[in-house]
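Take this structure first; my questions come after.
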Amino acid sequence: QEYTIGITQNNVGVDSYQTTYEQAFIEAAEANENVEVVVLDAGGDVARQIAQVEDLIQQEVDAIIIWPTNGEAVIPAVRKASQADIPVIVTNSNIAEPGFDFVASFSGPDNITQGARSAEIMCDRFTELGIQDEAQIVQISGQPGYTTAIERAQGFEDRLPEVCPNVTLMETQPGDWNREKSQQVMEAFLVKYDDIDGVYAGDDNMGVGALNAARAAGRSEDIVFVGATNFAVGYEAMGEGDYWGSIYQSPVDDAEAALQTALDVLNGEDVPFLNYFDTPKITQDNMDEFEKPVF
Amino acid sequence: MKPGTLSTFLARGAIWGFIVLELIFFSIAGQFFSVSDNAFLDPANMLLLLKQSAPIGIIAMGMTIIMINGNIDLSVGATFALAAVVLLDSMTWPFMAAMGDWAIPLAWTFALLTGAVLGAINGLIVWKTGVDAFIVTLGSMLGFRGLVFMYNGEQPTSHLNWTLVDFAEAQFLGLHTATWFLLGVTAVIWVVMHRTIHGRNAYAIGDNREAAINAGIRVGPHMMRNFVLIGFLAALSAVVFYSESGSVNPNDGQLYELWVITAVVLGGTKLTGGSGSVISTLGGVIAIQLLRKGLGHIGADTETVNLVIGLILIAVLFLDRQLNVKGKEALRT
Amino acid sequence: MTQPALRLEGIVKTFPGVRALDGVSFDVLPGEVHALMGENGAGKSTLMKVLGGIHQPNEGRILVGETPAVMANPLDAKGKGIVFIHQELSLAEELTVAENIYLGELPKKRWGFVDWETLYERTDRILKTLRVGFDARTRVGTLSIANQQMVEIARALTVDAKAVIFDEPTASLTDAEKVVLFDVIADLKSQGVGIIYISHRMEEIFKITDRISVLRDGQYRGTLNTAETNEDEVTQLMIGRTLDLSRNTSHHQLGEVALEARGLSCRGLFEDISFEVRKGEVVGFYGLVGAGRTEIAETLFGLRSPTAGSIHVHGKEVRIHSPAEAISLGISLVPEDRKSQGLVLGMNCRDNMTLPQVGELSSGPFTAEGAEIAIFEKYREKLDIRTPSWKQTVGNLSGGNQQKIVIGKWLSMNPEVLIVDEPTRGIDVGSKSEIHNLIRELASQGYAVIVISSEMPEVLHVSDRIVAMYSGRIMRTFTSEEVTEDNLIQAISGIEPGKSAEREPVSA
Amino acid sequence: MAGLSKASVGTFLAKQGILVAFVLFIIGFTIANPRFIDPDNVLGVVRSSAILGVMALGVTFVVISGNLDLSVGSMMSFSTIVVLDLHDKIGPALAIPAMFAMTLCLGAFIGFLVGYLRLNSLIVTLGMLSAIHGLTLTYSGGQNMDIADKSGTWFSVFGQGEALGIPVPILMFLALAAALGVILAKTPFGRKVYAVGGNGTAATFSGIRRARVVFACYLISAFCVACAGLIQASRSLGSQNTVGQGMELEVLAAVILGGASLLGGSGTIFKTVIGVLILGFIQNGLLLVGLQFYVQYVVTWIIIILAVWLDIAAKRGRLWSPIA
């Protein structure tokens, strides 16, 4: 049986995670001769994404996978798809609850748990170093307004006081998922605060940017860097001993899970509504257990 | 037919010719590359095209006047977002929530008012300080965006009202609500530009500001009215779009200014002011939307889309110039 | 005594570094044509801009009728019945003639809609009295400069004016159009409108004005009754000396042919143009506006491609593709429109003047500022350019002084062939004769000069030979001995001379 | 004496309004947080402004010649990605000239379109913004580009090195500013750039080859972008494809803030440098004060408008615009 599946991604090319996701998705589809895919990119623009969903409905695809630019704004478009009897699978970051009725399944990482795990990594390290009662940290968050950025920050901020109540989060500034921007933000933090013990960055690109700033200022030794979405740069920096830990999340798993979920839905199998795939902690201590990320 | 009418027609119609080319190309290429069985030229698809052109298109109408005036507005994307925030948030205010669906027209009014006020701020600064509109609006592009974030932090602002969604998704005589707004705005602005004193003065000011001042036209208030208008239209665009989508990210509308300006210039409006046509702007908007849609239809990937859109812009410009080139007798300056 | 229509009392206006007006007082009676004269930069336009609400005076007051009036902006001035026809064209090129004439006061219907019918009807009525060849719906950008000037002039007829100011309206008009303008002025006059008329052309002043007020260096020098004075007296008052304005009689040795055109054509603009200019010779091109003289000059300067024919410089056929190539062949062009073609208005005087040779002047990689200033100072003196210093932005100079900068720019190149297109447009009488002398002097030094002009006295005064053009063709070439005003007018009006014997071979 | 100094202060203010604005808000920030003028911080700001600054220098030429360049941001990411990729393939000594050559080709292409074909520069460079981004993505396959051996390469000197205690990026910025400043102010070419931007027709009538001048301006702009890409790549020895994106407007803002007119014909390198520093210090100052980033947006807006307003008010000698 032949299926045509359409996907509209959030913003390909903005980082290598999304690019690798796209490639992995296409490869997975090519490997399966029963599937043809239409791959679209919303370029971060919700209007364009809604238009793409409409186009996919118009093209009468069999299923639509959506990586929402905004978890709520796409709900009416998703409703249109479901009214046209096209099953919708949400990938990577979920849509809001009022839309659950129109969605067949969600597949992706749990960003809140990720943030919480990063907080745990940070706290464990401080405890090892014996500074858990005095440490001061700063946070560099992702692009303002994006679900992933918001959820990770929320998970981190909620979990940290539970595990390490005496660690203070001094300030949060956005690094826009951008290494250069994050480096600039960190430079200012370094001037402003004489004592920084830890940096939590919303992803490893930003984490490495912050690390670069600290290196230039000669203060990288004193700071524990923890990120998320372990990029190749982050993995390398960990290997060099400058970067402490991150969250291991594979875009290939993400993409394959999305496609598989879609196929399962089309084949009428019973799929759980929330399909989280696991994103484990990775630190200098256990990094040998993981392969170096390809992106 | 006067001599030269045909070439003038060709030159003026360059954008429409380009649209036809796009249509032909995508429907042929679609046969080979598209996985869909539906033709690109399917009427339903073309109606969708118009609908999808609305968010950029409505703003582009305002930008046409602003640019005919010799100004520019880079803050439309941020205005769009802030109006959307007001639209959706106001419906959750207790007294509004109590009104039920009667809150909808009121929320629309609030949003439109927001746009007009933001436009007035730009206009007032341009008028009173004499700072170039480019800088003023470059600044407020940041400033208004800051206001969007201040309103609700980094969180999206959402209010899903199904009555509103149904209204926005409705089709009347086959055309979507958004399409009606786009066509309506185009018609109104056309009338303003061609039939009213305000419109004619807009051309005069953009063409030769000195002359307009010498003739006693009050240039400051005139430009301010146009900024109010574009603010209003940016808000109208938000109203039309977010009535349907029900949620606004604080980043929404980013880069809209560039797309809008591109559409307007593609339509033949001069950046230096003084000339331009509302109808051609509509052509520019459709041409861009067609390009995006068509490239999606034939399954082009992100890098190709970027590359092609960029090169096509330049090609259209080149085509337009070739059509507009005067004969050999032209002065080579 | 009649109540003046307009009265100026002690007007002072200063710009940074310039005292443009220094206590000017005079009055204009209703039904009077009052000439305002003065050298370039004397302050005439500035005074009128004060009247028109464009500049605010530092001191002094203006009375309209008996009431003191403050003109805060042009709208104010208009409201008080003062209409201002600008020296520099002040039109919106993309709009129609009608819209330009009624700019700022388009007739209204309800809801701010334009009343097109009334607009076109009124405009066409005005255009009819002006006897022009275009209609209300024509786009102004397609009109020649002269016709654009007529559009400016038409504005004087739109409102019930108490006073109308004409700032050099005839600078780019032909004789026929001047006649129309003078009729218009006579008409306004008979309606009791007070008219201020600025011009550098004596013959006009004496033809149409009643009184003459003279400014010099921003100061009021007195008012004369036109009927009781003469050119010399006015000139004396203006520049402190008298002038000799006579026809060219001097002749010097002619050298080899410097520039020759053979059968040069440019489709739709001019046909079969053949002529030659020798070293030491001044050839005048005379004709009506639209005769195609400017286009020939532009073709010689590499700005247009000829569709047929050839150009020869020093006997060698050349193809000229750009002004840069023309300049390297020793050809210079003083263009017709100083604002758009001659000057970079935002640049200072020195940089404008040395622009074509900025590369040649520099010996090393850097500009030779000292040498540039020297050139500027030389021509400032030679042409009597009035400016506080070379640093002044050209856009702030008076119209005539701007023109002098353009002339200086090309003279300083020491060209072998100098083409000047309407060189003295807007130049005061003193400087005009200075420029004429300069042209003669250049010729005597062995340069070849082509003078394009619409002023008959000018061509007659400077030329050794005169080429008469009509509608893109050369009608006849005169030597300075055989030319008379009559046969010249006949030739440029397209009237074939009765006998073919009178017809000169185009080149010797 | 008093009279003289009063007058000269007046003229100075009129000429350098933007400088005054700059000094004023430096004082403001210093009061808010004294660390602002900490030498380390100042050096840090200038260093991180260097990339923006170098690009702004080139764009100054383009703007003075009466055109725009919105493609610098995506061109910068192109050069960064290319030089990083080639670094590992052919070694830094060859990678750098190769990257410069490729970037200059892009500049030449734009220069050809705008200069010789006379296409509208806003649309051409807007198109190139998108097209070059597509090119970069194709080149990199959308992946981050990182140098394998980060500690062993001398390539890091451009972004991280120091000479005489001053970071190399700052030195490059200053050296380029000096060189380009001299070219613009003191050479015949510079004069031609002003003439072409001030009145292209009159420039042609003066025998200036307008197309060639515009072409050269875009080459200069591309050269500056290549330098910026070099600094950027060397600074972090790795990069995302998004590096430089959105910088085009920031660059333009710096140039305009410095007082160049979008209509062409005016502006100077010195003022552009001031414009760059203003932007850099605003960002840094607001970070140090610790405002939320969105409050920073609003404050940046106000500062930009006040600075430009002060500048032109000083020039025209009155606060409010004379527009009726």
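We call the chains A, B, C and D, going by the order they appear; numbering starts again at 1 in every chain.
One rule holds for everything that comes next: contacts are C-beta pairs under 8 Å (C-beta built on N, C-alpha and C of every residue); 3 or more make two chains touch, one makes a residue touch a chain.
Just so it is clear, the model here is predicted, and its values are computed rather than measured.
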Handout entry: Given chain B and chain C, the chains that contact each of them
Key = D
Problem - Chain pair with the higher count of C-beta pairs in contact (B-D, A-D) - result: B-D
Handout entry: Centroid comparison with chain B (C-alpha atoms), farthest chain
Key = C
Problem - Centroid spacing, where centroids are CA-atom means, of chain A and chain D in whole angstrom - result: 33
Problem - Centroid distance [mean C-alpha coordinates] between chain D and chain B, Å - result: 29
Exercise for the section: Starting from the mean Cα coordinates of chain C and chain D, work out the distance between those two points in Å. Expected result: 43
Exercise for the section: Quick one: report the Å distance separating chain A from chain C, using the average Cα coordinate of each chain. Expected result: 71
Problem - For chain D, residues that touch 2 or more chains besides their own - result: 133, 137, 142, 201, 204-205, 293-294, 324
Problem - Touching two or more other chains - residue numbers and ranges from chain C - result: 73, 75, 303, 322
Practice task
Please set out, as single numbers or ranges, the residues of chain B touching at least two other chains.
Solution key: 149, 213, 218, 302-303, 305-306, 332-333
Exercise for the section: Go through the chains and record each pair that touches. Expected result: A-B, A-D, B-C, B-D, C-D
Handout entry: chain B to chain C touching residues, read off their complex
Key = 195-198, 200-201, 203-204, 207-208, 210-218, 274-275, 327-333
Exercise for the section: Spell out the part of chain B that touches chain A in their complex, as residue ranges. Expected result: 34-38, 42, 44-45, 48, 51-52, 55, 149, 154-156, 158, 160, 165, 168-169, 241-242, 244-252, 254-255, 292-293, 296-297, 299, 301-303, 305-306
Exercise for the section: Could you please specify the touching residues of chain B with respect to chain D in the complex? Expected result: 74, 125, 127-132, 134-136, 138-150, 213, 218-220, 223, 258, 261-262, 265-266, 271-272, 302-314, 317-318, 321, 332-333
Fill in the blank from the handout: In their shared complex, chain B is touched by residues of chain A numbered 4, 12-13, 22, 36-41, 43-48, 50-52, 54-55, 58-61, 69-77, 79-80, 96, 98, 143-146, 149-150, 174
Handout entry: Residues of chain D defined as touching chain C within the complex
Key = 182, 186-188, 190-192, 194-195, 198-199, 201-209, 265-266, 324
